[in-house]
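The two complexes that follow have chain A in common; it is paired with chain B in the first and with chain C in the second.
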Partner chain A sequence: MTEVMPKGKLYESQKLALLYFWVALALFGAQILFGLLAAWQYLDPGFLYGKLNFMTNRMLHINAMIVWLLLGFMGGVYWFLPLELGREVVGIRLARFAFFTLVAAVGVVVLVYLLVQYGPGNAFTLWFITEGREYIEAPRWADLGIVAVMVIFLYNVVATALKAKRITGVVAVLMFDLVALAGLYTAGMHYTPNISMDQYFWWWVVHLWVEATWEVLVGSIMAMALMHLLGTPRRIVETWLYLEVALVFGTGILGLGHHYFWIGTPEYWLGLGGFFSALEPIPLVAMVVHAVYDAGMHRMQTVNQPALFWAIAQAFGNFIGAGVWGFMQTLPQINLYSHGTQLAPAHGHLAFFGAYVTAILTVIYMALHQVRQADWPRFDSKLWKWAFVLMVVGIFGMSAAMTVAGFTQTMVERAIGGSTWQAYIEAQTHPWFQNGMVWRFVFGVFFLVSYLVLLWDLATIGKGRDTQAKEVGAHD
Partner chain B sequence: MEIGWVETTIGALFATVILTLWLSRGSGWLEPRFWRNAAWVSSLVMTGILVYLTMDSLNQIREGSARVPAYTVINKAIGLKRDYEKHRDIPVIGEGVGFFGRTWSEEEAYVLVNRGKLTLQSRNCMDCHTLLGNGAYFAPDLTRAWLDPKWETMVMSMTGKATKEEAMAEWLQHPDRYPTFARRMPNLHLSEEETRALVAFLKWMSAIDTNGFPDRFAGVQ
Partner chain C sequence: MTSEAVRDLMLSGMLMVSAAGFYAMFYALGRMLGRPSLVAFSYIFAGLQAMGALGMIVPPHLDPFWKYLIAFSSLVYLFVPQGMWWVVTTFHEREYTH
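What follows is the complex of A and B.
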């Protein structure tokens, strides 16, 4: 590694990364809050009815998630990039400008969501209030802003690499991936009255972002993290990263077909989508193998315990949440009945948490180590274990509850009831479903508590006397 | 031989493996170079196939195609029928019955359905309902909403309207007035024109061939 900064000193890019992390964490809180409001509305439909409807809470819940994960990824890249390339990021002022613009824009979008909520059925609403397309509800002006920010981000990565005259394998993958990421987002910005075509390209953002470009982005970030965290040799990390790209893009691009079963698209997608999406868990299994091997090599000890545990949680969480819960409903023979039930959010919650939240938390803990105790051999606290365990239990609890509810819908509404309005009501009032919603809320509260513990730990770890480093198992 | 999904799958995997091996000749499979080639090749092969299939799919889902009907379908009777050979439900388009008491020209039908789609997006329907199974799960799936028996068995008498489309439009304008479940749809202040457009959109969507989703809607025979 061509690390030239003295220990304890930070690059400007890393200082900016910290801002990204704190705003990301604040939005994580907003995501949990609006999620809980929406979850409560399942139990008490009269709650805030007509004032802050489910649709608004749900939109804020999922949009806060997308934005905070993106901020977390960008923070992660800004954190590791100067270490990877051995120099300050080019265009740091531009990066700072993009950051504050993005934060201001997010603020405006959230205020409009909360205060205006919806508009008349015309182009003005799509441009300035909401596009009303799940996940990419952001109004068109904000879409353009997101692409602009991504372009600045891409420029900074490319320009820094060129200036440093050093394009490592990780940075090459990162650049390639960011081009795809920014490009794909524009696929979600077109309007058409034809709902089949609308959803066809909508999935180019929703699937190809989340199941392809984000996976590779997070793979690049974890690759850089592992080199610093475990001292894994570059050759090994980069070979694994290439393997992951080959498998993620090799299975995920045509795995897109599992969203093209029922939207009006031709029959061949049933076979193609089923086959390739069934292969999608393979790279995730590979990552688990690697993580277990690496952690075992180090006897679960490293300079940064919380980061190590979150990194292992990432490998397992990605495999279980995205791989197992996804595979469960990906074959068309099953999906015909499970599509559009609570099984989808069960998978979504586990997968987003397992694949992305854990990765960002790994990087945040690594960053805090450098900020607060760069010269100490071991970064640890008592509290992080509580946050870790509570959070994992919370997310599994929510997903388990939604899985039970989803199976109930699959059977009562879809398989037996014929999917009508009345069949929907019968499934929603079934005790199995209703218990599922109660437990989802209970574990949601649990998750909120774990978030507060996590925040407290992040604010205090490495400060004060009780965390004096115990010199055990300091790694090579 | 017609190229189906099996041939495409085998071809894609075969091409990826052969090209990777050919480009990496001379290096072992544990070397970074091998997997860098694999990453490039699989990304390009799969993207190429996706682009080709996208052109084909877009062609097959143009409005007015066999799978996605023309907007003037709102003038026709729409039903579902079981295809016992393929074991799936397919939409059947019947004779002209009019919509809101008249027949809509191609241009008028387009304007109406388009307005319906804009209304659907502006009211964020997808964050409670599912459309073609995609969206949120707080409210019923709308894929075949036009064909739902509840409009005739409950909503028409509730609203006192003589036709299904009028009952739907009235219900959509005042969902808070006509509760059907503990969870009520909020009043989203749709204008009369917007509700008509929305009903047209729902009717048009119900005639899309969705490869049999949802299965046996309302116990179709």
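What follows is the complex of A and C.
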């Protein structure tokens, strides 16, 4: 470990991190709410038609997720960076400015989505309403803003490391990753009349940005978290991090080829993408062994059990969501039939929850421990276990329901019906699909309840004891 | 490809990777707790993993390239838990002896 966290004191960077966490959690709630509305509209397509259309709810559901996870990651870095480098973050005022600008920009973008929704396909729409790219529909000004915030974020990490004259392995990985994080997002802003080329670069953002740079970013954050949570030696943590980076490069980057199967790219992507995608679950299985070892070594005992449980859930969630649900539909022979069915969101829900949501919740529980009960040996509550179990059941329930529905689409619409309109309607009206949608909504409500329990726990855990941290500012 | 073939490939793939995960989990748990019975139990999942792979390899749905790839993956899964266990324990022991 680099430095013992001073009890009851917070760096300015950590105070900022707390703001990131709370806004992230609020957006998490927005993600669930709009997801539920969209799920209900599968059952009742006329619900809120003309007022809050399905496409708007879906857009807000997905984009809220991207933004809240990003805010959570940034909060995580701002929380751990001063501890890692032993000093306050250099550009803290700039960081604060970037935070409030980002939050204000997100607010404006959401309002535009809610009130305007879409416009004519001209430059004005592109710049001020939406770029129309699925998953990253932000208008271009907001896209440029995100890149600017990422550049400020990168500057803060690099400048702080240089000022501290200390670049640890974790920080070095983080710096390189943030360059990619800022750079790869710009791929989503290029337009070409060739739809295949357009899709090609679009996938860079969705896959290389979200699934590669985020994986490394979350790896860096979890590395710092494990050092503080379990006291895992730096050498071990950093070696695993290097290994993870190697694996992301080894299988993850070319594994994005499974998104190139059916967008008009050359045929070699079938072999290339399929080959690396098929190998992607192997390192995830290996990580399961490591997670069991880590949990066993510490006998599931730590000063912060909620954080430990979420950290373990991260290793298993990543394997199940990305590994099992990914492999099930990643071979081109299967993907030809399953592509774009409800199997894709089943995989997406499990993978994002398993890999990212769990990691952010780990860090938030660690931060709250420091803020509220820094001098207590055990950070605990009765409610966190409920939140944990309900949330895991909720996400698995939703994903299972979507898997059944997606399987029906794959079979009835594609494999049997041959992708005709008639087959599409048959699949949509098939009892398995419709029941799947019902259960998706039911478990969505369940997930909302678990979110409220989680929120209540986060708001109250560690309170009511005379250990509230005094915010005395920086101490370097 | 027939709808039955698509269904069988999907289910076999799911069985293969999920069983590989359970195999890894129970193997590591057995070694961690020093319970050979749990390690033996994990081999059931190793078998299921291999069955899942066979479910993709034996039928004539896939070309040889993909069959070799699945066979290679399946073989790797059989040794991932042992190999990873060795790596993890060796690595941590070295660290703690420093």
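Note that in this section the second predicted complex is superposed on the first by the 460 of 476 C-alpha atoms of A that agree within 3 Å, B and C clash if a C-alpha of one lies under 4 Å from a C-alpha of the other, contacts with A are read in each partner's own complex, and residues count from 1 in each chain.
In this section, a contact is a pair of C-beta atoms (placed from the backbone, for glycine too) under 8 Å apart; a residue touches a chain by one contact, two chains touch by 3 or more.
Please read these numbers as outputs of a predicted model, since none were measured by experiment.
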Checklist entry - Does the chain A-based superposition show chain B and chain C clashing or fitting? => result fit
Next on the checklist: Quick check on the superposed pair: does A:Phe128 touch chain B, chain C, both, or neither? Answer first, second, both or neither.
Outcome noted: neither
Checklist entry - Given the touch rule stated above, what does A:Gln329 touch, chain B (first), chain C (second), both, or neither? => result second
Checklist entry - Could you give the angle made at the Cα centre of chain A by the lines to the Cα centres of chain B and chain C, to the nearest 10°? => result 80
Checklist entry - Is A:Phe275 touching the first partner chain B, the second partner chain C, both, or neither of them? => result both
Next on the checklist: Just checking: does A:Tyr337 make contact with chain B only, chain C only, both, or neither of them? Give me first, second, both or neither.
Outcome noted: both
Next on the checklist: With both complexes superposed on chain A, which partner does A:Thr239 reach: first (chain B), second (chain C), both or neither?
Outcome noted: both
Next on the checklist: Once chain A of both complexes is superposed, is A:Trp386 in touch with chain B (first), chain C (second), both, or neither?
Outcome noted: neither
Checklist entry - Which of the two partners, first being chain B and second being chain C, lies in contact with A:Met297: first, second, both, or neither? => result second
Next on the checklist: After the superposition on A, what does A:Val288 contact: first (chain B), second (chain C), both or neither?
Outcome noted: second
Next on the checklist: For A:Gln41, using the defined touch cut-off, is the partner it touches chain B, chain C, both, or neither? Pick first, second, both or neither.
Outcome noted: first
Checklist entry - chain B to chain C: minimum CA distance in the overlay, Å? => result 6
Item to check | Touching both chain C and chain B, counted on chain A across the two superposed complexes | outcome: 235, 239, 271, 275, 336-337, 414-415
Checklist outcome for this item: In their shared complex, chain A is touched by residues of chain C numbered 1-3, 6-7, 9-10, 13-14, 16-18, 20-21, 24-25, 27-29, 32-33, 61-62, 65-66, 69-70, 73, 76-77, 80-81, 83-85, 88-89, 91-92, 95-96
Next on the checklist: Under the stated contact criterion, what part of chain A meets chain B in this complex?
Outcome noted: 38, 41-42, 45, 49-50, 53-56, 58-59, 117-123, 125-126, 129-134, 137, 169, 173, 191-200, 202, 235, 238-239, 242-243, 245-247, 249-250, 253-254, 256, 259-272, 275-276, 336-337, 339-342, 344-345, 409, 414-415, 418-422, 424-425, 428-429
Next on the checklist: Which residues of chain B touch chain A once you look at their complex with the stated criterion?
Outcome noted: 4-6, 8-9, 12, 16, 20, 30-32, 35-36, 38-39, 41-43, 45-47, 49-50, 53-54, 56-58, 60-63, 67-68, 71, 110, 113-128, 130-141, 143-145, 148-150, 176, 180-184, 186-188, 190-191, 194, 197, 201, 205, 208-220
Checklist entry - Within the complex, which stretch of chain A touches chain C? => result 233, 235-236, 239, 271, 274-275, 278-279, 281-282, 284-286, 288-290, 292-293, 296-297, 319-320, 323-324, 327-329, 331, 333-334, 336-338, 407, 410-411, 414-416
